[in-house]
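Got a structure for you, questions after.
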Amino acid sequence: MRTTRRKNNLLAKIWHHPQGQVGLILAGLLVFAAVAAPWITPFDPYDVTQRAEKGLAPGWPHLLGTSISTGQDIFSMLIYGARVSLLVGIVTGLAIAFLGAFMGILAGYGGRFWDTLIMRLVDVMLVIPTLPLTIVLTNLFGKSYGMIIFIFTIFGWVGLARVIRSQVLVLKSSNYIKAAQLAGASRRYIMFRHILPGVSNLLIMSTALTSAGIMVAEAGLSFLGLGDPTAISWGKMLAEAQSGGALLFGHWWWIIAPGIGIFLSVFAFMRIGLALEEVFNPRMKRSGMLLRLFKSINGSYIQEVFDAMDDRPETDEAGKEAAP
Amino acid sequence: MSQDALLLVEGLKVIFPTDAGIIKAVEGIDLAIHPGECLALVGESGCGKSVSSLAILGLLGTPPALVRAQTIRFDGQNLQALNEQQMAQIRGKDIAMIFQDALTALNPVMSIGRQLDEVFLKHCGMNKSQAKEASIEALRAVGVSSPAQRYRQFPHQLSGGMRQRVLIAMAFAASPKLIIADEPTTALDVTIQMQVLEELRAMQRKSGTALMLITHDLCVVNYLADRILVMYSGKIVETGPVKQILKRPAHPYTEGLLTSVPRLDTCNTRFYQIPDQVPNPMNKPSGCHFHPRCSYAGELCKQTMPSLRSLSPQREVRCHFPLQKGKGGDSQHA
Amino acid sequence: MRKGYVLERILYTVFIFFIVITLNFFIPRIGVEDPAERYYPPQGNLTDTEYSIIKQLTRKQYGFDVSGWQQYLRYLSQLSRGDLGTSLQAGSPKVSTLIAQRLPWTLVLSLSNMLISVTLGLLLGTSAAWNRGKFADRALMNASTVMTALPAFFLALVFSLYMGFEWGWFPAYTEPDMVASFDWSWRAIAQVARNAALPVISMSIGGVISYAQGTRNSVIAVSQEDFITTARAKGMSTRTVKYRHVLRNAMLPIVTSLGMSVSGLIGGSVVIEQIFNWNGMGTLFLTANNTNDYPLMMGIMLFLSSFALLANLVTDLLYSLLDPRVSAGGGRR
């Protein structure tokens, strides 16, 4: 109940932040596109009977033309591609948030044993090259987006855990935690009721930014063909474009379209994440704002402010009541 | 009197514009320091004392601060007319500063020795080996043990007291005429404070440097200072010789400060505190800034800001109902 | 004091190395009953009995005929001799040989990328930091938000399309004779440069922005520290303050990120190499993947991990030289 009220305020704050607003609108549009894909696309790219002439340039009715290899409508594929990106991005972002928070809090607050263990684990994972490992694992265990989400989560929690752990260490030495300890609260109680809310800001912000990063990574993996071969994704569209000869024949729309898709989704979530950061830490005014503030200051108003500080010449005189 | 002043500041005003409002940090203060004198600038945190010293030295950037002053004259020179390069010549050499928190005030990746050498190299025209000798000697003079070894060490390897001594050494290095010490002992253990203060006093007496001491600790003031300026919420509310003011304060705020110093010789059951809090620098009370917390406040105090008036040739106070009458002349009451 | 730190780091690295080796050993063996099954040729027309003999021989050939522990020990001793395994390719070349062939080519791309990213990034970042709010700074912020949302491989495709195919400035696919005909002559070097241009540009745009952003933030943060005010109060000139005091401190986090990016130096260019058909480790790995050449894949994995470990170690030690707070006890964690 306390957290939902908080979330409402949070959404309102992002909405009022100029860049946050952009992010939210974009993200909303993308989610809409992903969910409503079967209804809003002019063609069904999965339906083999709806294939058209191959390699058409943008025009009517194929707004972005058709693919050279299969004659599918590129615009429809673009809309469908949002599904994979958003699904993988958001689900992974949330999974990483959970795992990272759990590990980070455990490491920071659970005692030296867990701290050492988890930090060693972090060191090992940081050293293993992620892309090659993903390739190996999909080779061994099959290509699917579930596998990709799994692998991203296994690797992705590491960075977040480190950041959360630092924050937990700071919180650990704060007075209200010490007070709770003195009052006899159990370790688990403190972890859930005090530490977790203390890092929740960081967590929410990281989730947005992580999701953005995951979307980029997913595009790369799909491009290499490591995702579900039957699904439509922007990365895969780029791969098909490359192998289908878009470069050779100059079908730039086939390349630019999925690229813009990737760009918009990443951009939207990054904006949300950065807006959250500024909402949570209003400490440093962005450089442009301060300079603009100074430029726009009314010089005569400032002069008034200064003049008002001077001592007035004596108008009142002795003869007032004596001090009580 | 202000003719032979080493540092003369008149009408210093500093504001910080923000989009939430304008922070009025310093609202027109005057001060004068004479050669060899120790002047204490006293007040609670946030009253504008540190900002004043930074403003005098031109260390406040223009965003975020706006500085105006009628006069800032040092040793006959108008500091406001100097450009950055010329100011850099004066800083460290003629006017030096000692900052409060020695750990953050020292460059963590540079050895103590190098940081000291910098001053000698720039302001005393020495070469590297001369500067090194001078630095080690300076460390010895402030009471740092094994100075040659400390020379090579880094700030985090020294104790708090030693770091502060290093700052003192850096300030005295080029034999400046004026040193501004901003809370030089506040961040230290009480046991170390005394040692560092003694060091500071000895060095000041020996070299005849003028000292502007910024602090909220009246015991330090008593120990080191000749004259005192009491600041509250950006304005000077009382000035005068230390002994007189500490014995018979004229401004209710000064009285409050004195009363809140815990005493070992009386059996008080509770500590006294000036009620309420320091005013928000963006939203100050009307009239006299102190009236909400003042037990002597009257109607006039809520409406009009009192001017700074002389109580005696040596004392001034900014109050409609000062606690002292002054020795004849300008008395406020019948 | 310092020696202790160095020793500690080295021992720790060795420890992690062993964990990595063990992981590398186990990964292909997870979840399969018979780890050798990936090495078996297809059954084809062979009868079951004939096939089981083939399987036995295959197992023996690849060392799966002994117990798990013995396999592990053999693996360790093999590694200690520098043998990363034998590829399943025709001719059974050694994995290490293949890596040695392809590694320099990947390094050409990665090192050029790093060089450009760091130098340009530092320049742009410091100039943005010291001109806050002005054009350089705002331009960087805007570029940063745009560029982080555009993956490098997408840029690569776009550049390939325009600068490669449409306008013919640079070859869009690596010229096939580049590797074979390389003879250290100026002609050959020019050829490599020509072919490397597009891949390097695609990678370094993101890199420049990233370093520039990091440098800018670091410089701004350091400029607001107390000791900078002290330096100015000592009368140090603006130049001295900027370079000797600010930069010296601001560079520390940059060195850390530099170190981290070095570990990804080799493995990170897989996609780019594929797009341009560049003859490096990335394409080697992809080929291994396509042909299910497990020894090659795992050998490359181990190589990459070891490289990353080494890079981390070197970075840590280098950092401790720069930041005196580290060697005197307590790591960067």
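Residue numbering begins at 1 within each chain, and the chains themselves are lettered A, B and C in the order written.
Note that contacts are C-beta pairs under 8 Å (C-beta built on N, C-alpha and C of every residue); 3 or more make two chains touch, one makes a residue touch a chain.
Just so it is clear, the model here is predicted, and its values are computed rather than measured.
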Taking the mean of all protein C-alpha atoms as the centre, the chain whose own C-alpha mean lies closest is A
Computed over C-alpha atoms, the centroid farthest from that of chain B is that of chain C
If you tally C-beta contacts across A-B and across B-C, the winner is B-C
Chain centres from averaged Cα atoms put chain A and chain C apart, in whole Å, by 25
Taking each chain's mean CA coordinate, chain A and chain B are separated, in whole Å, by 48
Dist(centroid_CA(chain B), centroid_CA(chain C)) in Å evaluates to 54
The positions of chain B in contact with two or more other chains are none
Within chain A, the set of residues that touch 2 or more other chains is 290-291
Listed in rising order, the residues of chain B that touch chain A in the complex are 11, 13, 15, 17-19, 22, 24, 27-28, 62-64, 66, 68, 234, 296, 298, 300, 304-305, 307-308, 320-321, 323, 331-334
Note: in the complex, chain A contacts chain B through residues 285, 289-291, 293-294, 297, 302, 305-306, 309-314, 316, 318-324
The chain C residues in contact with chain B across the complex are 225-227, 229-238, 240, 244-245, 248-249, 252, 322-325, 328
Within their complex, chain B touches chain C through residues 54, 57, 59, 84-85, 88-93, 96-97, 99, 101, 104-111, 118-119, 122-123, 154, 156-157, 167, 170
Within their complex, chain C touches chain A through residues 12, 16, 19-20, 23, 27-28, 30-31, 132-134, 137-138, 141, 145-146, 148-151, 153-154, 157-158, 160-161, 164-166, 172, 220, 263-264, 266-268, 270-271, 274-275, 285-286, 289, 292, 297-298, 300-301, 304-305, 308-309, 312, 333
